[in-house]
Amino acid sequence: MTVKIAGVSLANPVMSASGCFGYGEEYASFFDLRRLGAVVVKGTTAEPCAGNPPPRMAETTGGMLNAIGLQNPGAVAAREKIIALQHYSVPVIVNVSGHSAAQYRAVIELLDDLAAVAAYEINISCPNVKAGGMAFGTDPAVVVGLVRELRGATKKPLIIKLSPNVTDVTVIARAAVEGGADALSLINTLLGMAIDMERRRPVLANLTGGLSGPAIKPVALRMVWQVSSAVDVPVIGMGGISGARDAVEFLMAGASAVAIGAANFTNPLVCPETVEGISAYLAENGFASVKEIVGLAKKEWLKMGDESGCGKK
Amino acid sequence: MTVKIAGVSLANPVMSASGCFGYGEEYASFFDLRRLGAVVVKGTTAEPCAGNPPPRMAETTGGMLNAIGLQNPGAVAAREKIIALQHYSVPVIVNVSGHSAAQYRAVIELLDDLAAVAAYEINISCPNVKAGGMAFGTDPAVVVGLVRELRGATKKPLIIKLSPNVTDVTVIARAAVEGGADALSLINTLLGMAIDMERRRPVLANLTGGLSGPAIKPVALRMVWQVSSAVDVPVIGMGGISGARDAVEFLMAGASAVAIGAANFTNPLVCPETVEGISAYLAENGFASVKEIVGLAKKEWLKMGDESGCGKK
Amino acid sequence: MLKLQKLEIIKQESVAPGHQRLTLAKGINALAGQFVHVRVSETYDPFLRRPISVHDCTEGRLVLLYRTVGRGTELLAAKKAGETLDLLGPLGNSFPLTDRPQAVVVAGGIGAAPLYYLLRSLKLAGKQVSFFYGARNEAELILRDEYRALVANYSEATDDGSAGTRALVTHLAAPVIAGLDATVYACGPSPMLKEVARLADCYGRSCFVSLEAQLACGVGACLGCVVPVKGREKYRRVCVDGPVFAAGEVFFC
Amino acid sequence: MLKLQKLEIIKQESVAPGHQRLTLAKGINALAGQFVHVRVSETYDPFLRRPISVHDCTEGRLVLLYRTVGRGTELLAAKKAGETLDLLGPLGNSFPLTDRPQAVVVAGGIGAAPLYYLLRSLKLAGKQVSFFYGARNEAELILRDEYRALVANYSEATDDGSAGTRALVTHLAAPVIAGLDATVYACGPSPMLKEVARLADCYGRSCFVSLEAQLACGVGACLGCVVPVKGREKYRRVCVDGPVFAAGEVFFC
């Protein structure tokens, strides 16, 4: 079940998605965090951040909108939480956010001495912060520049987290790799909105929010396929994964590992259950390692020919 | 309940979405098509088109993927079907598709003499055709050019149908208006994919397909809000509408009319039920016309101030 | 006569592990080969209706026979007698009768579901019927006693020999298709249909097969359910042009 | 002691139009003010759990009292005795007891749900309790006889005078809050809480309110359920920092 992403060895390919798992402490009372491949912690900024005013959330069909606005205690306070996570001896990936390259860099500088930090996930795709945030994720030139600058700030692996709210995700993916990304993760949330018919106004105080959950899975699978076909670095797939079946689909589409976000809210045990489910799938189908199913659907796809209009043209 | 879109008077703001209602004949056995604001027919091309090989469809959480690939009998055969629709004396909007400006133009030229055609909806956003199609919908310069050319081909209203698969939908919206669009409709489907775990390959023979249904509603609402704020022409909102509640939300977000697609498959009576539901809502809440609720959520939003962190900052 | 209606469930029986038979109150008159499109949930997960063939129909009372293979059919199986079912139908075409006095009917697994009503219809029309029922094992020869009771010439085949002959059902049917000037009907997995079609073509029998596809609308509007056909048309819709097709017309995938 | 478990539904009663009382099998020990997070469907529509307060709890047997306001609570109401419920809990903090021997409890509508257990807890702790129960009309004074039976000082207010005094419940409670050195507890709509908080502040009473918000995780991880609070922290989570807050700490929207 082990996988290696950007030089980091993981016991299995299942991570918690950033922002959906706090700093791990809440879910530690449900299961042993060692059962995870990695814990990806909440988006962390250099300074403490109060986040957006409420309401911050709205349920939608098969998913939810959030506009948390990167509420977090700041990198200095996050240090303590990350150190506490060491008890579980599970790789910790820090999700780094900011409104400028300098702010991203500051987070890394404040945390880089921590042995507990296995890698950084650079969130260039949060739709809920106004200055910067999403802008970083949609302009390839800015992405190359940002990644290059952060590359200079640390020897630890850099995972760049891509936004789905772009015309061509492979352009941004290539830019991130050009800047020096060791791996890519995708997708962050789709920008959405909810209207409260009774109150005749938007539900979210922030107006828009990020859509996550099973509803977005088809978009996520498509982008994972596209990006893993376009670049040579490993891809961490996420977006609507709610169990082993979904996870296997992402692996087959080309992801080397997966992360689970909103599904934790519905089922706090979804992460360990997914680990077990993938393991059972591999055993039942005679696969010796996770690697054997990474991109499997692409191999099958290439083999498909035209059979009188049945299947691929 | 009447609304006027691009000079066309509709008995109510509810239309069938293109591709989900054939040329009307199938649903005419469920209800009187006169009860609709307009029938938007299947994407029509100049030549007959066989469409993509099967499988063309996959169910997803709260929605579905389709890769029909614009199967249609071609504009000449479509003439007969449109003439037959005249029996119902409901405005007919022809969804026009093609792989080049000339092909779009050819459809209009083949149909323009038909009095039954109230307007054209120009599909610059179909994710399921390879040459052109989506390319038209993502490049503002191409959009201005295409709309301008079609503007020269007909005196009938032109509704430009926008793709959600872009970084900034308002850029494309403004380009369409610059080219001479009388109205805009959005959203078309989100580009997605499904993987068949058992067969270890993509479900759709076309690899990717368009995601529709309630799952995409939050994205559609957000784009309708953005576009109706960015341009002065009316917006026809669609994406996941499955009843009057959803329709009212779209109207409040800034749509002047709505269209219903995939929900017809689950409930063949969804269109007339939505008409009745909107009508009941207006009556119960003392609104004299549909117009009074168009963009209502925006007005409320502008009024909202900071109340100690409750609501808008 | 397209109808959207809610009909009461009169009976919901488990007829074998993972197989349910559901009897509805009077309300839909269907022909053998037609299907109904069932809304299994009032929510949008699952989003689409589920097509189920008419297993039997007497005086507007439908019987459905289905296998629980996923969430949709599981939700359907969870519904109890007394609850109502949201149904669209009858949909699709039906098995055509021909002027031949003999009929050969071949069923593979749950493909037997629509053939029960076909067997009854053929008998009523005075045809001499040979029925071949194949499945993986005895347990999957669902309602075998009822099928057996219906026809004089009944043969079984299983992959593991736990009932009838240990053979592919097409091997059992082959000599009869070869020797008898009969109309051939079949429903079952694609490779089986392909082989039945090949045999029928080989001996010049007219042959009709009932096909499956992922459906959305069920009424011909979405063009989602097509199968590849021979000739200029290229694709035809399972939901309205089928589910029954002349075997020579379609490509088997 | 966070627990995810399935407990059998022992009883599901309709106690008034649109109001259900649900009794669970032994398994969760909770304090007054805490809640459980209920999965109402096995599908993803609805996607999120629904938070319901503990209405009562004896020896690990929970009772919930809830109003059916939308699809989630309707799905919950459709579940029958004998079925199991997927629950997360007990979650949240609880109503604190103080050293004051007197307590004033103010309920607005379905806000009464968690206060039943609070009233029982206050009585067990030997407090003298005054309970004020307000609702739009008599029909919405859910389980009024049971509440009345619980406390000596019971007062009712309705908007339309169909039961008790025709007044806002806060007007009824005001003189008591003013005159009695009691701890004040309240649960109900935001404007009511705001007024109770104002009164308590005015007369220097310590006051605790139970708040609602849209929850996702219910365990403190998502930061989705915050309410604005006074001081540097700015926002606190309803699910773990609440649902009970000192009235002086929060802003009422």
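Letters A, B, C and D name the chains as they come in the text, with residue numbers starting at 1 for each one.
Following the convention adopted for this analysis, contacts are C-beta pairs under 8 Å (C-beta built on N, C-alpha and C of every residue); 3 or more make two chains touch, one makes a residue touch a chain.
Every value quoted in this text rests on a predicted model; they were computed, and no experiment measured them.
Considering the contact criterion stated above, the chains in touch with chain A and with chain C alike are B, D. Between the contact lists of chain B and chain C, the overlap consists of A, D.
Placing every chain at the mean of its C-alpha atoms, the farthest one from chain C is found to be D.
Our note on geometry: chain C versus chain D, Cα centroid distance of 54 Å, whole angstroms. If you average the Cα atoms of chain A and of chain D, the two centres end up 37 Å apart. Centre-to-centre separation between chain A and chain B, using Cα means, comes to 32 Å. One simple way to say how far apart two chains are is to compare their mean CA positions; for chain B and chain D this gives 45 Å. The set of chain D residues that touch two or more partner chains comprises 44-46, 228, 234-235, 253.
Residue positions 53-54, 58, 60-63, 213-215, 309-311 of chain A each touch two or more of the other chains.
If each chain is drawn as a node and touching chains are joined, the picture has every node linked to every other. Within the complex formed with chain C, the chain A residues making contact are 61-62, 214, 307-311. Touching chain A in their complex are the following residues of chain D: 1-2, 4, 39, 44-49, 88, 213-228, 233-235, 240, 253.
Within the complex, the chain D residues that touch chain B are 44-45, 228, 234-235, 251-253. Interface residues of chain B facing chain A in the complex, by the touch rule stated above, are 52-54, 58, 60-63, 65, 138, 165-167, 190-197, 199-202, 205, 207-209, 211, 213-219, 221-222, 225, 240, 245, 248-250, 252-253, 293, 296-297, 300-301, 304, 306, 309-313. Residues of chain A that touch chain D in their complex: 19-22, 26-27, 29-30, 42, 50-51, 53-64, 66, 68, 71, 213-215, 242, 262, 264-269.
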